[in-house]
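Please go over the structures that come below.
The same chain A turns up in both complexes below, where it pairs with chain B and then with chain C.
Let's turn to the complex of A and B:
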């Protein structure tokens, strides 16, 4: 088991290395205007001045030297400085201010989607074909098929009116957290409910459930002790995927409600083409994703003792 | 069982009727070999595709949505050639005032769906956008399927490649999809081609894995074993024995990938990495509508694209799932 953890962690590190290098190299292909401050203005500088600035930033070095410098700085925790968004401010500082907002939003959304989605899915499987199941299926189809932007927009447009909540996020008004968290958790609720229902329905048709019924056990007891526990195991696998969903969702929701978090920042700096900041945010989101997948696989291995560690790579 | 019994009785009756007309001599002549009549008893009129289609038609919702989508696609294609259609990117100017037709409500001044805030015709824009977005969706689905089948078939069938490709897959599977999309569209210049490339970069690998898993399930069935023993080459086995079996699941995956592609397009447009403004796409229209949504009289600019996007994505999702059920031989009667 330990061997599996080590192997899986190494795999994640390899992924990170490849992605970080790829991100760095790809952003070097960008037009170089992204490296000049807006206040200085590219057009007002002569070619020589532009070259001098680029050389001072190390952008005229050979690419492997640049890559080496980049990694050296990365290990020291230095992500460079912002150029356009807030000139000369270290990126770590900009991002550190924003992490609490993103973390609160993401964690609250994930915990709500777990606590609502899993019971909803279980309930749908229990009353399969009944009213709850139909309404739930309808909800899931809409949530999964329709682009997230659409229902986030509708929630912002109509629910704010209806509950007279503030339309934009305001740090001093705690009730303005409600709608962003609700919007962000709603997709998670749908996906957890879908998987939970599917696995429970699969599990209900298995022989051991029939045996338990034949022995005369009560239906609820079978559900609680056998079916729910066994179908919860594969759902664990989807927790990291939902972390990735939450990442994508938080980019929308944060910029929609102008929450000063990382997702909103990403949208702003993409529109203003602040290369170093885009690079830093993409790296952070990649790390989050890779780390989430790693945690999911490890959690899966702990919860489900039947996983064969030796053959994991080939046998899947 | 009853059905078969009845068929058998019919058959014997038929034979008896025929023999009655024959004389004794003709009855005892040797019959000539006729391959058709030899096959006749073994013949069953089960056809996979016909049964699939029949089961699919049983789900009325899915069938209705299929008709709707066929209509939408055909109409989107012929719409520019119909009479009285306006150009989707032309800005219309009111001849009386000399100003643009800004935010004309639906139905007035010949704007069937109204006009947007610079005086373009929303009706024409929506159909043009539907064409663009569906083109992107189908292009991405076809590229994914082509590469997915190519790599997935080799991955599943050739054992020597299995380990290598699985390791590569494990590395790439960890990267968040959204980030790849954002990165590619950010680095390349905006356009339909960029959008398609960015979505295919990560899409094909999931398709390949899906096809690989399907092939692993069927590759060691007896008929494949027999083929291999008879000396059939790898490519022939893949093309003749394995892929026909997978056509239905591949079609299902294609149908289900279309809502995903449209969602990604809307997402990328929202964060400012979408198509250029002069190319109407569903994401662009939604974004334009979003900027107008605060004034209730102009909210139609949000509602029309929103309704079209929801209709298309939900239809393809429901159709894909209904098709998945219909393609499963267990559900055939």
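Let's turn to the complex of A and C:
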């Protein structure tokens, strides 16, 4: 068990390293003009002046030196300073201001997806073929078939009007949280409900449920003691993927509602080529994604006693 | 086998004229056609018959486990003075399931919850049926039950999960769960079908031991006549939702009366002659969507009498026995003499051959 955790953690660190390095290298391929836009028109600087600025930023060092410097600073907790977005402000400071917004949005969306999606799916399985199941299935099909961009826009466009909520996020109006969180959690609700329903229907038809009935257990107890937990286990493996989806969605939703979080910031700084800031944000998002996956796998191993044998291709 | 005939025959479960129907896509299927049967305390009864003859459906009516599209149309099932056919709500059935009538299913690989230790699963049954047992005591008793079904190191084993057990071991656990309910009647639905032959014998031996130890009444559902010979006192032969012949094992095996029983016994591979084709019953069972006229087996019976197609035979007692009866016109005094097939005679005095 411990070996498994160690192995998975090392794998995650490797993934993290590869993604961050790849992003770092790709950013070096961007046109250099981008670095000057904020200060003064690039055409008003001589080539020599441009070179001097680039050298001062360390961009004329050989690429492996740049990479080495980046990682050395990273381990000291120094993410560098912003070049363009807010020149010379430490990136950690910029991000620290923004994390609360992103975290609120993300955590709220994830917990709402789980707390609504799982019971919805369970209810659909219990009343399979009945009204709840049909409405739920309709909802799930729509959510999966329609691209997220479209319903995010539709929600912003029509629901704000309909519920007379503000179109854009406003820190002083807590009700402006409602729609971003709704937009972000609705896809998660649909996918959790879909998986939960599916696995519960599977479990309900299994022999051990029949045996539990035959030994005189009450239906509700069978549901709680046997079926719910057993169907939740396979659902757990979809949680990491769904968290990734939520993270990706949050980038879009944050810019859509102008929430001053990291997602909106990432879109801005990529456009304005503030490389250190892009690197830092990508690093944070990658960490979230990779460790989300890792947590999902570890949760799986904890809830399913059979998992330790899966290595040998065995008992499942 | 003979001692049971001498003991006082106390009826524990009495089924009268039971009719079970299923509604399937708007059509009605009559799965059980007026079965009457008395089950005696302490006996073991085997119900044999081919797939689809209604063996499982019949026993499922005893503890209310019929599928939701099945219903009892008429008849009664009397247990402890209660008519089980009147039970509608789950609450009614909870006083029967487990504590009075427990079940062992065919496939031990899927009968256990894969995510709970077997100790927990046995405890669940103990706590359900013993109100004054603390969880701590239940744990202890669970270990005893595990030892009872012949598993070594019961304490260590009780903390393991089902995937750490082999098929035969799991079936022992399923039996332990059934026993932990402390039932009066145990229904074993093809308990050894999914197991390999050497394990089959062990499981059957175990069931026999438990039957003696706890004075159980056991109903075996099987299509394996070898199982019948090994464990049963009485055997009921089912065909198309009806019991066509019932009697003590010896009587039915050596002195079979119903043409279907003959056919069933003749199709035993053990009775085949080397180099010759094995015997197979021709045709297919009747379509139970339609009302069956006469003897349901008549269309597949080469020696069927005319009346077999017209009127359903009643039970005729077999001469010289108080326990053996068959639903065949051949036992009517007016019937012509029809000789059973030669293979049946070959069974001789030795049914260990089965």
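The definition used in the following text is that the second predicted complex is superposed on the first by the 302 of 316 C-alpha atoms of A that agree within 3 Å, B and C clash if a C-alpha of one lies under 4 Å from a C-alpha of the other, contacts with A are read in each partner's own complex, and residues count from 1 in each chain.
The rule we apply is simple: contacts are C-beta pairs under 8 Å (C-beta built on N, C-alpha and C of every residue); 3 or more make two chains touch, one makes a residue touch a chain.
These figures come from a predicted structure and were not determined experimentally.
Colleague: Touch test for A:225: chain B only (first), chain C only (second), both, or neither?
Modeller: The second partner, chain C, only.
Colleague: Could you tell me if A:214 is touching chain B, chain C, both of them or neither one (first, second, both, neither)?
Modeller: Second partner only, chain C.
Colleague: Quick one: is A:233 in contact with chain B, with chain C, with both, or with neither? Answer first, second, both or neither.
Modeller: second
Colleague: A:145 contacts which: chain B (first), chain C (second), both, neither?
Modeller: first
Colleague: More residues of chain A are touched by which partner: chain B or chain C?
Modeller: So, of the two partners, B touches more residues of chain A.
Colleague: For A:302, using the defined touch cut-off, is the partner it touches chain B, chain C, both, or neither? Pick first, second, both or neither.
Modeller: It touches nothing on chain B or chain C.
Colleague: Just to be sure I follow: which residues of chain A are touched by chain B in one complex and then by chain C in the other one?
Modeller: Common interface on chain A, chain B vs chain C: nothing in common.
Colleague: For a test of understanding, state which residues of chain B touch chain A in their complex under the given definition.
Modeller: Within the complex, chain B contacts chain A at residues 162-163, 166-167, 170-179, 182-184, 186-187, 259, 262-263, 266-267, 270-273, 286, 290, 293, 302, 306, 309-310, 313-314, 316-318.
Colleague: Taking the complex as given, what residues does chain A use to touch chain B?
Modeller: Residues 11-12, 14-15, 18-19, 23, 26-27, 29-30, 141-142, 144-150, 153-154, 157, 244, 247-248, 251-252, 255, 266-267, 270-271, 278, 282, 285-286, 288-290, 293-294, 313-314, 316 of chain A touch chain B in their complex.
Colleague: Using the touch rule from the top, collect the residues of chain C that touch chain A in their complex.
Modeller: Spelled out, the residues of chain C in touch with chain A are 63, 65, 90, 94, 96-99, 102-103, 105, 107, 110-116, 124-125, 128-129, 161, 163, 174, 177-178, 181.
Colleague: Can you tell me which positions in chain A touch chain C when the two form their complex?
Modeller: Touch residues, chain A against chain C: 206-208, 210-219, 225-226, 229-230, 233, 303-306, 309, 315.
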